[in-house]
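The two complexes that follow have chain A in common; it is paired with chain B in the first and with chain C in the second.
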Partner chain A sequence: MQERNSLLNKTKFNLKDITDNSVFSSFLSALLAIFLGLIFGFIVMLVAAPANALTGFRLIVLGGFRRIGDVFYFATPILMTGLSVGFAFKMGLFNIGASGQYTMGMFFALYVGFMWDLPDSIHWIVACIAGFIGGMLWGIIPGLFKALLNVNEVITSIMFNYIGMYLVDMLIQGNSVMYVSDKTRTRYLPAEVQIPSLGIPNSNVNLGIILAIIIGIILYIVLQKTIFGYELKATGYNRFASEYAGMKGKRNIIITMAIAGGLSGLGGAFAILAPSAIAGSSMTYEPINIIAANGFNGIAVALLGNAHPIGTIFSAVFISHIQRGGTLASLVGYKPEIIDVVIAVIIYFSAFSMIMNSAFIGFIKRYFGKGKKDFDDNMDNEIKEAE
Partner chain B sequence: MEIVYYLIQNTLPVAIPLLLVALGGMFSETSGVVNIALEGIMLFGAYFGALFVYFVQDLGLNPQTILLLAMLVAAVAGVIYSLLLSFAAVNMKANQVITGTSLNMLIPAVILLFSKMYFNSDGVTTAVNFYIQKIPVLGDIPVIGRMFFQKTYLTVMIGILFLIISTVVFYKTKFGLRLRACGEHPHAADSVGINVYKMRYAGVTISGILGGIGGFFYSVGVMDGNVNGHTGVAGFGFLALAVMIFGQWRPGKIFLASLFFAFLRTLAYSISLIPFLYNLGINQTYYKMLPYVATMVVLAFTSKKSRAPKAEGIPYDKSSR
Partner chain C sequence: MVKVVDMGDYIIEMLNITKKFPGVVANDNITLKLKRGEIHALLGENGAGKSTLMSVLFGLYQPDSGEIRKNGQVVKINNPNDANALGIGMVHQHFKLVEIFTVLENIILGVEPSKMGFIQKNEARKKVMELSEKYGLRVDPDAYIEDITVGMQQRVEILKMLYRDNEILIFDEPTAVLTPQEIRELLQIMKGFAREGKSILFITHKLNEIMEVADRCTVLRKGKLIGTVNVKDTTKEELSRMMVGRDISFSVNKKEKKPGKVVLSVRNLNVVSKIHGKNVVKNVSFDVRAGEIVCIAGIDGNGQTEIVNAITGLEKPTSGKIMLNGHDITRASIRERSIRGMSHIPEDRHKHGLVLDYKLEENLVLQRYWQPEFQNRGFIKFDSVRKYAEKLIEKFDIRSGQGPVTIVRSMSGGNQQKAIIAREIDKDHDLLIAVQPTRGLDIGAIEYVHKQLVERRDAGKAVLLVSLELDEVMDISDRILVIYGGEIVGELNPKTTTMEELGLYMSGAKRDVVKEINDAGEE
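What follows is the complex of A and B.
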């Protein structure tokens, strides 16, 4: 009997361990948001064309598995912009300028790819580094404006999205080596500048995704294990308190934005340098005065991943997965925009899932071997944590 | 002189949407809710306004009557969409920037989805001409008549009317004072019996009205009555946010800021008509960048002493003191 009691206690303890874990709770809230987003998407599909709704929905949810390689191929740039947005978010900065930084990085990589004559083995590496620098330049500007002049980084980054887009389009159109005016796009990059393919047949997956995942892990280590990461998070929680504690808030803002910009720029470089069998999806750029969508998708990726680097890796793959599913759903008559609707709804719900989440965890605790008293204690703990 | 007339006539229809949306943002932010969803609200209003025009355009109504009715439709649409923001920001205490971003992402996708399914295009195209060649009587006044009452849209006059109403509501009414109190110090406002939740709903709802109308006026004055899911409102919602900050959350200054921005934009798009600037041979893209660069320069000089509402972006929680 006693043995059984202690066993019971042990299971209780485990459950509490799991449900009180912050990683678990953010994972749960993301799942909840995804679930609601998919339900909403299904309803839209039912309204639009009831006959094919079930087939189309199955394609959206499972279709990506048929094209795993492409899922990773398209996940690479949004993973990088997602890491960029998430990294700045940890410090309480909203880097809505990922698009501009991405475009800048892409341009720098293109420039090195076309204009510099380098040995084949290091050419793509230099081009990637150039992309990082390009994005960094564009990210550091909002950082400087925020730190030194107190200008809201959201406005600065939006302005610099436009400035960067016009600037890049102008520079490309003015360069006769890159630009072919009767095709209104650049030439294709020489094959030596390509990022090495992973060599999986019938897919476009390349080394970029591996590098992006490694960068995500490095960011996780930086955030968790270094003084800089600690200061960054502390500034995110309370800027004034951390400055009172002697941290250099202004310097950290500038460094954070520079790194965030660099990550987005690297995303641009990975996108443009990737080998691809899909015509026009990489190796060439079309200057059409439109802000890069991958920057905004990166915001979605970061928010769904709760700005956590490892979470961002999973959310980038997930979003790319349902995007592939969305293109497949067009086979049964649904427009691929359905996926953007689903993603937007997911983000909407993930913004307030913390409240739903604590209600949900409370529900689990109430019905799975928990006394009322324990539950109340836990709620108190949660409230304390939330504060 | 011809060019001056031309620039003024073309600046105003661009300035009015910016003005209205920035005023909407001002109401929302002074109540304490950051409204980054203005872009989405604009597009939602513009789409429903244009949809209304599309369905009534064959009934033979006077174009200006259609414009007024469509404006009401756009306002209602804007309110409905803004409720999604106020629900998340006030009731669910969600992060307002995230919610706003998701609302911005949602609406272009919805427009593309439904337009492709029902119109087989990327948006709504209407055939009503809202352009006014000359307003009777007023248009005959020398100089001023030509500047403000010829070759224009009704939207300009309505926009100015909204500016006056907004200024009065903001400064001269009990409601305006209470609204501002909720953005500066909600707990203090609550302690004297003001319902902060209701005031924040009111602030966001007003921004929905103005945002929806502003969006429709954008489609009238800039896009000839069309709405397209791909280009949307071309970042005007975000620009309006910049105009609002540039105008330091004050109606009069917001008006000047929107004129400044709209003038530079109009200038950038009409370089080829101005021989003096055209002959300089500067790449026209520089002029297109000019409004954004100028905004940054101005913000750099004005933001040190920012008058942003102190409690903006922070969900109000009665129990946290």
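What follows is the complex of A and C.
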């Protein structure tokens, strides 16, 4: 009898174990939030142009699968800025300066790409490292202000978005090696400075996405397994307790902002050093006084991924997927602005995942959990009868 | 021994309430009936289910089964607004006030009288002042919450209930944060309410207060109803037995012990407050020796917190010298102090003592995670952490839903405090600083904490205790330093002094010339 019970227990599908698992529940709630977002996105499309709504919506949702290479290509920079924002967020810092760090990283990478004469095999690697350093510089300054003078990092990093953008525009326009003034953009980078392509036809996807995913995994390990991650999260959860425990809060703020900046900078480097599918060309930078959108998209990516590095990888791919699908929707007559609105609606609702989390799990527990109990009771009765 | 006294007219009846949480039945078939115009105490240890039961009544939780009746009618309370509409008001243990609003703004929050969208503050002020005068609840309506004392904050919470014309008042551990004088005042106010015909539910674990004001008392233990008794027919001993399930010793057994060498010495310490920039610790000097418990006694806000912050490194002193085991640690980092043998049970366990969103095991290594035992080249050895946590949980009897992986936020206050004590005592130390270590704890847990402190002393450690509870000060300390206005105004021997004398020193009515003693002892 006892044996049979223990066997039964082994084979029982225990719903509670799953619903109590926080990773599972946040993943599920993200999915649910996305689903809601899609419904509202569809409603917007219905209002804008009812005739083509279904075709257009199908393109938005599924179109990305047709261009899977591009999905990953465009996911690379927002994955890096997303990791950057999420990492700082774990420490309780809001790194809204990802755009500025991204732009600085881009400039440093460009500068090394054009101005330094290096062996082909390591040129792009050095350019990437330069991008990391550029972003790090732009992250460390708000970090220093925060740690030493207690200036709110949100204010400084917003201002550093502008300072970085104008500074880079000025430096590029003033550099005749890099800048083609009649085309108002930088020259094409030589092919050997570009990041190796992954060889998917008609796509720019390159080694950058692999590196970005590896970096995401490394960040996960740092946060979960190391002393630095332990201190960082403790500080983010409770600054006073971390101080009480003798952690060096100021040093950790500076290091965190430096790493966060570096990640965004690397995103900029990955973006500008990406190979182009058109022979002889490359990515270029246009100094036209616009703050890089990829920085702000990183905030959405990080929020959707719950600031969790692995979650951020998935959310970056998802947002890129929706954006790729969106560009296809213009084929059936949707204006780019409407598509942007739809994408924004989807992302906006996706950010509700936090709220979904508790509500939805509660729902499952209440209804399915009860059903399961009845089922177990029946099983028990059957066993009794067998006796 | 379930005793139930049952007659008369009930304003609230909670019948057969059951509320389950994952892994624990917080309320198991509990019935509580509140008479009109009575003060009804709800007694139980931490985790006995008192707060859950009151949260059910206040609409914060829905019971899994059971029903609530008001004046005999079944009512459904889905949220605090419903509770409010039924005339139920609650003063929470942790006040729910907006710090940057004034007293008046907090009182009318949510029920602002308005005309065409403009708040009619004068009308509100009149009503608030009337209530304030009628019940003797002194408040300054224009002061900001962040500037007023805890006692006044509590009066604001009470006025909030009265302003909403509540007739059923729930007080959740109202005396935990008050000074002895304020407690006396509050109990009088509660009696006044009862005379007015308001019904009061009084959650507490302080038996003296129950004996003083309550008419009846319901006792819970581990989620179960033990019984409801008439207070005038019972004794403190019986109540505590009902609450804990065994006899409790009210006094501490302490052996004679001769103090050893000086472990902590503080000389001419001055600290300027971070908040208002005034000197709040004035030229304080004292020693703590191995094998003695020295208590700093005083009314809250007389500089105790700042002295401790200066010793533990949370605040910088303006001048003076602090020596630990002969090393000057006046400017040392917190980590260095910890390595040199300082353990610290902080005053505010939620703010300083714990990372509430971390697991229990992560909190248990909060002071030691960087030591070789728990790390290898920057990576935390989680298997060692788990083993260590299991050892401490066993040794210190820390109870939680899921053992080492319990999120600390979900644990009861008493067990959170046990976790801190376990961490600080198990760490290598010569000096233990305990600041109000029994604040907000129930009798069983207080007994436990006192036992641990005395054990440390007997193990030859120096213990510096800061406490506001006079009983505690008299019971467990070897020497009492009384602080008033940032100065040490007297050094007393608990064996030869009396509560009254201690009270005189604490209120500033009496003082010795302590400075000379210190100077003489310095050579």
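The working rule: the second predicted complex is superposed on the first by the 330 of 387 C-alpha atoms of A that agree within 3 Å, B and C clash if a C-alpha of one lies under 4 Å from a C-alpha of the other, contacts with A are read in each partner's own complex, and residues count from 1 in each chain.
Throughout what follows, a contact is a pair of C-beta atoms (placed from the backbone, for glycine too) under 8 Å apart; a residue touches a chain by one contact, two chains touch by 3 or more.
Please read these numbers as outputs of a predicted model, since none were measured by experiment.
A.B. asks: Which chain, chain B or chain C, is in touch with more residues of chain A?
C.D. replies: Partner touching more chain A residues in the overlay: B.
A.B. asks: Just checking: does A:Ser242 make contact with chain B only, chain C only, both, or neither of them? Give me first, second, both or neither.
C.D. replies: It touches chain C, and chain B stays clear.
A.B. asks: Could you look at A:Phe228 and tell me whether it touches chain B, chain C, both or neither (first, second, both, neither)?
C.D. replies: Second partner only, chain C.
A.B. asks: Quick one: is A:Thr156 in contact with chain B, with chain C, with both, or with neither? Answer first, second, both or neither.
C.D. replies: After superposing on A, A:Thr156 lies in contact with chain B but is clear of chain C.
A.B. asks: Which chain A residues lie in the overlap of the chain B contact set and the chain C contact set?
C.D. replies: none
A.B. asks: Which residues, counting only chain A, touch chain C once they are in their complex?
C.D. replies: Listed in rising order, the residues of chain A that touch chain C are 16, 20, 225-228, 230, 233-234, 237-238, 240-248.
A.B. asks: How about chain B: which of its residues touch chain A in the complex?
C.D. replies: Residues in contact with chain A: 36, 84, 88, 92-95, 97-99, 101-103, 105-106, 108-110, 112-113, 116-117, 229-230, 235, 238-239, 241-242, 245, 283, 285-286, 288-289, 292-293, 295-296, 299-300, 303-304, 306, 308, 320.
A.B. asks: For the complex, which residues does chain A have touching chain B?
C.D. replies: 44, 48, 94, 96, 145, 149-152, 154-156, 158-160, 162-163, 166-167, 169-170, 174, 290-291, 296, 299-300, 303, 335, 337-341, 343-345, 347-348, 350-352, 354-355, 387
A.B. asks: Quick one: in the complex, what on chain C touches chain A?
C.D. replies: My answer: residues 22, 312, 314, 333-338, 344, 346, 351-358, 362, 366-367, 369-370, 375, 378-380, 382.
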